[in-house]
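Order of writing sets the labels: A, B, C and D. Residues in every chain begin at 1.
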């Protein structure tokens, strides 16, 4: 079986990562490669790392160019995907790497994005309870945000197992600069970011908070409240998420470790590291893997879970392809067995 | 007045930073420069950035070599300073950049360092309530750790003002690699750290937790409980601390901002940034300044304070010299007005 | 066909990269994974990025453990491979990633390495004239050094075409720190290398000079003389080589471009970029590709060629596997079509 | 004596560095701080590292605002300074950090910058033969480019001593990204530059080539021909220049070393490092120092000189202030004794 795929937003980081992975996918043929302002350029000009595709021309992102493929990946600015998706056949698998279809609560969408809610699609994080089943045969998939991916992988097992208190989750995450996209902004210049760290969008107002709360609340069976602070780290890729929650009275370290290892034992891409080994973003760079470690801080009554992913791979393009594989009935790991690139 | 100073541990990062700053201090003459395994070498071989001192010879760290100076800075491995300090005259100002004399609770020391407690010296963070007064005329000063410096600067105003709940403080900090010292360890190799982040020493066991709790408890007038997670960032210098605490019921954003600005209005080295401007470690690199910003996350009922310092300057050597200035009755900012080095 | 391979030196950077690539090789089964001081450890402890192999145990590097495989990769310290290779059957394909068998001149070896010359093996850079043919059916292959790989790719076409003068080649290369290996040395600490550059081993004495001269002389049909200066850049991977040579009188820019494009038109891994596009190491990171650009500096009468490779991939492990493919009659690109990882 | 200075271009990297250094200058009062598009902003918004000046307002860059100071520093885009300078009194010391007044050959200016030549001012590199004398009492000074500063410091002693051949100088330099300024361009994004190197502007066309040739030719007493290749390194600051030239027949290593040490023995900011110690850009970061090392590659008949400077300090703002000190009869090192910031 050969599946034809189209990738929009091909000049950006998410689009580039989709193409990088799809080149190695055994069941895929890459069809249309589209973008907006760079339409007409050779791909090699904008994404010189995609050697196999360097002579491909970038087409304009239009419904006409995207139609006629088995799968269409949308890596577009927020708010742009609903309209295009509506014009693609229901039988086409449309995978939206943007935020438009992640939230189930229209009010939360409108508060944080200021536009009308485009509707909710199956959420492409198969490691969450029941999510893999929802993705089978889906023809519309919302790819989770990169911060929510790592945050939900970090804490879901504890909520599912009933070991965590819902009211006081604190998450601090450090992301590489590619998470901020390829838009040319002064504070993202190399001279500004190399050698330093800074927070951004702090104070409850971060767009990813409702998405994290939505996932954790689903696992907990009740509303979970999260304080989330993202920071910008001097690296191009990677997220290190430090997530902490208060444990239920009487919880033991062993119960905690058992809950996490049980949750991920059969997962092909998520590993709870052996005790004593701490995760490093470089161990997952360029790969679809997530590594976790947890510690029980008895003193503070909190579990501290650190989770690393590559924001562009498991956090965006890899997660998107994993969902594609499930939706199409392919082996879930097809095209995703690239190891991390280290050192 | 010219003050003679000796610096031990001169081949390490803390010793090098002390010398870098002391070269620009208007009231100081640099006397003995001592170290252990590198005794006999030219300083320029080990610290090639100290151009003015490159031809000075490193002497052996002995009481004989350190004695006879007005001020002795100790930048030695943990556990090594008490013995030397005991042999220096009471009239010599001894400033210990190590951990030995920071904790007032011998049990906490013994738990985390595994050796006998060396006693408690005045704590060299003059921005804490009443601490400046304690440092005047002191002849023994314990320099705070770099993580505690940024953590205490971040949260003390809220506890002093009675606006924060003591039982559930969560701090996550990212430090540059110089915080781990110059010891040659595989995980600190450039190939390993560049381009990635990782946590370390997570789980309540971090040595700096009791020091942070000690300072916050003093400000709160009751025991404060802290969950502290340090992470390693791909930069040589700088700490970004994200500190959060639950606010007392009814607390407003205005009260919070007022408490922090009031606490630091007259401080020469600590700035609460204007609203909307977030701190960046690069803005304080190489300087004794600390920048803070705070946000009230009403949703989570938490204040989130981010604080940046240079771990080697305000976090170690600059803080040490600031305490020296106070103890000797010099202008507190003498030798410490170097601006940040950016970009 | 399934080929069994053994990898020695598996705890180092070259060994890790071999394993990373071999995991994705369609015709290969990974057999023994060996090292010296880390024998007995889980691979996941030392190479946490190799998720698929994390539970494999590292065996001791002995002839017994390496024997019985179709292919044995040696990634050992200089001087260690000859002895092991001699004890492996002639029918085993032995690929030495070390320097021992690269030089054809025993005197050059002895001068730069200070030990007896171990003999010369077919040189694994198939892009050089006639080299691909020499590698077919070879059972011993010497993998080129990373600096020579980029230097030879940069200048060989000009010498083969007779357009360059042999007496005054100047090469300056910048390498990521992984080129210096995983040995724990103070000047390779992250704190020391991040944010700065430095030269090393300058002055004609660099070990790679004879290897570069050997290859260029072969292409030129006469002795070529090279001044080579390596520098250390603040990045984990990648080499940017700037190679310049004087052109023969009357040479035109068009002749130069024609020579290079003709040389590499059919090469699967080497690209002369379109005019106006300059190579970047990040475009080849983690891949077996080499990108080149050339300019004719008429003013100075020199061609300036810049070439980028990943020192660990095309410069070591990828090049080794490319030679393996050729020697075994596999498609030359098998297992090597991973794209660059950018940004 | 207190000297009043105005700094234009204060929102850029050169302007910021001038202010950083001037804050520590013992004889200076900082007057007008001007810029163009950011006029009206607090300086702390744009240059948050300049703590002492954070509340100063940025004024519009006009002759009116700059007039009335003893010294005016121009850090403006190419082509903008001549007009302003012409309207400032002859008695005002005008120091141009831009390129406009560096070249003595109008044709070279017009070829590389495409506009009318603005005239030639005394060249602010006092370490060149006779230049210090020219700067005394000058009221117009052209600050050298950062690449020419390091290139000229590297090779001038050899040409002055008649030990080098003029016809085949090859220089390859690696610069931090601040050398490209604060203009927001896609290839300067952190995601693009971190972890990689690339050349730029290669092929004889670089604007700095005529400036380097001008200086070396003056020292040699004949036309010197240079091939110059700049590369971009993943660091914010610093230049590592590798400069090589063929030596005259019969030249010895001792003669070479003697020429360089003699040239710089009395220079306060330039050091020829002891043999065996190689320069590192981090040793001069944030300082006005330049470190050099040289090696005689007898094999290639070339001297290889590596020189490190901070492009913003000795390469721009520090060099400008050094010239100011000389022109005003102040101690040459006033305000410039800041040590390097390492690690």
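By our rule, a contact is a pair of C-beta atoms (placed from the backbone, for glycine too) under 8 Å apart; a residue touches a chain by one contact, two chains touch by 3 or more.
Since the structure is predicted, the reported quantities are computational estimates derived from the model, not experimental observations.
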Contact-richer chain pair (by C-beta pairs counted) among A-D and B-D: B-D
From chain B, the most remote chain by mean C-alpha position: C
Centre-of-Cα separation between chain D and chain B, whole angstrom: 35
Distance between the centres, which are taken as Cα means, of chain D and chain A, whole angstrom: 45
Residues of chain B whose C-beta touches two or more other chains: 13, 178, 182, 189, 191-192, 194-195, 234-237, 279-280, 282, 285, 343
Footprint of chain A on chain D - complex, ascending: 13, 176-178, 180, 182, 184-186, 188-195, 234-236
In the complex, chain C residues that touch chain D: 168, 170, 172, 174, 189, 191-192, 194-200, 202-204, 209, 225-227, 229, 231, 233-238, 240, 242, 244, 246, 278-282, 285, 293, 295-300, 302, 304, 306, 308, 343
In the complex with chain B, residue positions of chain D that touch it: 13, 16, 20, 23-24, 42, 44-45, 47-52, 54, 178, 182, 194-195, 236-237, 271, 273-274, 277, 279-280, 282-287, 289, 291, 337-343
